[in-house]
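In the two assemblies presented below, chain A is common to both, partnered first by chain B and then by chain C.
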Partner chain A sequence: MSRAWLVTLATVVLLPVFVRHTIATEIWIFAIFGLGLNLLMGYTGLLSFGQATFFGAAAYAVGYLLKHYAINVVLALAIGVAVGAASAALVGYLCVQRSGLYFIMLTFALNQMFYFTAYQWTTVTGGEDGMPGVPRPEVLGLDIHAPLAYYTVVALLFVLALWIMRRIVESPLGKILQSIRDNELRAEALGYNVPRMKLVAFVLGGAFAGLAGVLYAMLFGIVPLEAIGFVFSGNVVFATLIGGSGSLYGPVIGSFVFIWLSESVSAIWARWPLLLGVAFVVVVLFLRGGVVEAWARYRAWRHASG
Partner chain B sequence: MLYALMGIGLSIITGVLNIPNFAHGALFALGAYFLVTLIQLLGNFWLALLLAPLGVGVIGIVIEYGGIRPLYRAGHDYQLLLTFGLSLIVTEGIIIVWSPVGMSQLPPPILRGGVDLGITIYPRYRLFVMAAAALLVLGAWLFLERTRYGAIMRAGIEDKEMVSLLGIDIHRLFTAAFALGCVLAGIAGALTAPIRGLNPWMGVDMLGIAFVVVALAGLGNLLGSIVAGLLVGVAQSLVALVWPEASVAVIFGVMTVVLLVRPQGLFGIR
Partner chain C sequence: MPLVRTERLTKSFGALVAVDAVTFAVDEGSLHSVIGPNGAGKTTLFNLLTGQLAPTSGRIVFDGRDIAGTPPHGIARLGIARSFQRTSIFPTLSILDNVWLAAFARQRSWRGLAWRRADRYSEVAERAMAVLGEVGLEEKAGEPAGAISHGEQRQLELAIGLAAAPRLLLLDEPAAGLSPEETKRMVTLVSKLKGRYTIILIEHKIDVVMSMSDRISVMHFGSLIAEGAPAEIQRSPEVRRAYLGGFAAP
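Entry: the complex of A and B
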């Protein structure tokens, strides 16, 4: 077991001791979300600005089923992953037709389409008020209403997701995706079907987003309209970038910093998105590469100075 | 027509600077708010309509100079985050300076009321907006096609390196292009204010639409932006007649169909 794994596991165990359980849970949910985006952004070089589409679609679909049909948790999670993957397949199929700026704009525009659908379809989604009353049923006969019990479930799923993501990026598929990121033409010349590989990355990323969406809905008992909005898509991009994209632990660190900061600041000041915007600008102008790179630079500097 | 105006502005910015400008919608909203405040200060609609977009343009220059310039060599992800951050700052700034509650603005007295067009009675202000937007689109097109600066800007879309080799200050071109795009967004916002009223998030819908227009037209394709803007506008108002709830979603539907049939956009070459 590597040191990074030990640190992660220690953090998972110790976090609820220091941080409020709801926030601790949200951190790992957001980290799962970020892991999915990072597969696209960090490993395939596809900047998706519409991840909230898959997150929100899964949250709404499963929230509806949980409310009206009282399905069990395992099935709910499976459906969430499936909805996330399916919506990502749909959106991804359109988006991989284009690259560069077009790609980003398309992911954003389709995100808007899902947003307006959710906004108008009030009978199912509750429109602007969100979809309240999402229950949190028992898992394998255990009651998970206590915050710490739910934290345990989410944390276990996060560790599982992290392990799966590590397997993905270290697999041949992961290497192909990275070769697309580094040199798309060469990957194509080597005989890989680049659009299809991109689509695979999209679907996998969507599946992670879907899982995160379901966990989010069960955490707060509501699917807010914001969960499918483009600001949410922007937040996960930001969290991944402050952590450092292209490294496995980047989005994990990023969501840790992002959720913790935004939860503490938003409690103090209602206009906190202003600070968020300022933080975006500062990070982009002065701290490119994120925490992981800053840490690497610090280590290199320490190493150099003895 | 307003969509065409937004589309051209965004098309110039994305085409020349090659960045995704997520602040475009926020600048649109800023144009509308500037208009309202200037009317309150000056008491003159026309002067305000002239000055509000220029104000947005000045803000655009500041943004380009301070924020975007250091990032030309960075990836799209950072440029996107920067403009996204800026749009959050502008939106929250609007909430702090004005208020989170929506506002309304009456058109000037001459343009109130309706005109009998024979078949139907149409609000006078909307006719004015259509005419004004058409003139502006025409003006922008003439500027880009017939003047020296327009030629430089189009050359910048084609090949930046060549333009700078010819001794043209590429940074000044970038600043000018960004400012021009911002001014167009500001005008569109100011013209919209008396029709739809104001709220801090009014730019978000517009941003999505502008992206669709640009994606349909092909990046940097200015004539295409005009046609695509009209197409989206007409499609939307036709659907709004029969099924109002779907009028926003239909825009994205149009885009989806076009991109499936012609992945390079209606007029795109790349």
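Entry: the complex of A and C
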């Protein structure tokens, strides 16, 4: 087992000792969300500014089913993943027809469309008030209302998601997606159907977003309208960039930094997003690989200086 | 028996006819060169053959089927590989991964595409390493492709084409931008491929073309103005006028 895995597992176990359980849980949920985006942004080179579409669609759909049909958690998670993937297939199909700036604008515009649908469709989504009263039913006969119990469920799912993502990026598909990021024309000339591969990346990323969306709804017992808004889409992009896009653990570290900052610093200093802005500028200007690259550079430097 | 032939293949961009009713055939196992001055339409012809461009009219028959209008990835899957005039590689990936991707693309089955670990496809890795050995890059297999010299990138460009185990290999100026020393090495490499692959070669260095080719087609302003064995081309007055200038023997 690699050192990165051990560090991850140790963090998963120790985090609730030091951090409030709700925040600890949110960190892993956001990390799952980031893993999906990273497949698109870091590995395929597709900057999606609409990941909240899939996150929110899954959260609303499953939140509704949990509230009104009392479905069980396993089914809820499965449906969440399916809704995330299906909405990503729909959005992705339209977006992969274009590239560059137009691609980004399309993901953003479609996100806005979903947002305003949720905003208007008050009978289902509750509009601006959100969808409150999402229950957190038992898992396989176990009560998960206690924050630590729910943390355990989410942490296990996060580890599972991380493992699956690792399999994906180490598979031929992972290499193909990276080749598309590097040189689309060449990938196509080798025999890869580039738009279809991009769509596959979208659907997989959407599935991760969907899983995160459902866990989020069950964590807070509500689906707020923001869960499908573009700010949320932007947050996951920021977090992934800060952590290090294009490396497996980047979004995990990013989620850690982002959620921890927003929860701890915001209590002290209301203007904390300023700090985030500074971090973002530093990353974009000097450290394109985010925290992961900073760490690699630090180790190289220490190695060089004996 | 030709492996690939074109019938009045035409591509126009507005008023400009880049490829004008080109009809030619390439025999299986031969090395067929396409020469002509800059802007004669050679690369456009390649882009038509590999699907990067769709022809305005005409047919491309590969192995008995019309492939005009097939997208590039479909053409590649049929076994037509190409190298680019301007080096086109995956700079952040390792040299091995560059050729690995070319070899994997031609696998008959993509089972385990998103799940099986890439290093478990031993036959793909073997093919990739063999090709790197052939062009002399096996010792740099682990280095990122963007970090090697231009000359080595040209070798990699060729290796990517070879890794696909192509039935037809299109080489677009493999020696572009190389030093005399590197050019010599590239010529040796390409002549070793002769006979093992069906090759269409675009090249500006006339001595190279004359010594290696089985047949030569000459393009000028989008049209084919001559075709024949190297000796015939050297003698053709039309070709001399259009292209060779004072080069040919008296």
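Simple rule for what comes next: the second predicted complex is superposed on the first by the 286 of 306 C-alpha atoms of A that agree within 3 Å, B and C clash if a C-alpha of one lies under 4 Å from a C-alpha of the other, contacts with A are read in each partner's own complex, and residues count from 1 in each chain.
Throughout what follows, contacts are C-beta pairs under 8 Å (C-beta built on N, C-alpha and C of every residue); 3 or more make two chains touch, one makes a residue touch a chain.
Computed from a predicted structure; not experimentally measured.
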item	value
Chain B versus chain C as contact partner of A:279, first or second or both or neither	first
Partner chain(s) touched by A:230 [first = chain B, second = chain C, both, neither]	first
Chain B versus chain C as contact partner of A:167, first or second or both or neither	second
Which of chain B and chain C A:188 touches, first, second, both or neither	second
Partner chain(s) touched by A:126 [first = chain B, second = chain C, both, neither]	neither
Chain B versus chain C as contact partner of A:178, first or second or both or neither	second
Comparison of chain B and chain C by chain A residues contacted	B
A:200 touches, of chain B and chain C: first, second, both or neither?	second
First, second, both or neither for A:112, with chain B first and chain C second	first
Common interface positions of chain A, toward chain B and toward chain C	none
Chain A residues within the chain B interface of the complex	41, 47, 49, 94, 97-98, 100-102, 104-106, 108-110, 112-113, 116-117, 120, 230-231, 234, 237-238, 241, 245, 271, 273-274, 276-281, 283-285, 288
Chain C-touching residues of chain A, taken from the complex the two chains share	167-168, 170-176, 178-179, 181-183, 185-194, 200, 204
Residues of chain B that touch chain A when the two form their complex	14, 18-20, 22, 67, 70-71, 74-78, 80-82, 84-89, 91-93, 95-96, 204-205, 208, 211-212, 214-215, 219, 245-246, 248-249, 252-253, 255-256, 259-260, 263, 265
Residues of chain C defined as touching chain A within the complex	50, 52, 71-73, 76-77, 81-82, 84, 88-93, 97, 100-102, 104-106, 110, 112-119, 121, 160, 164
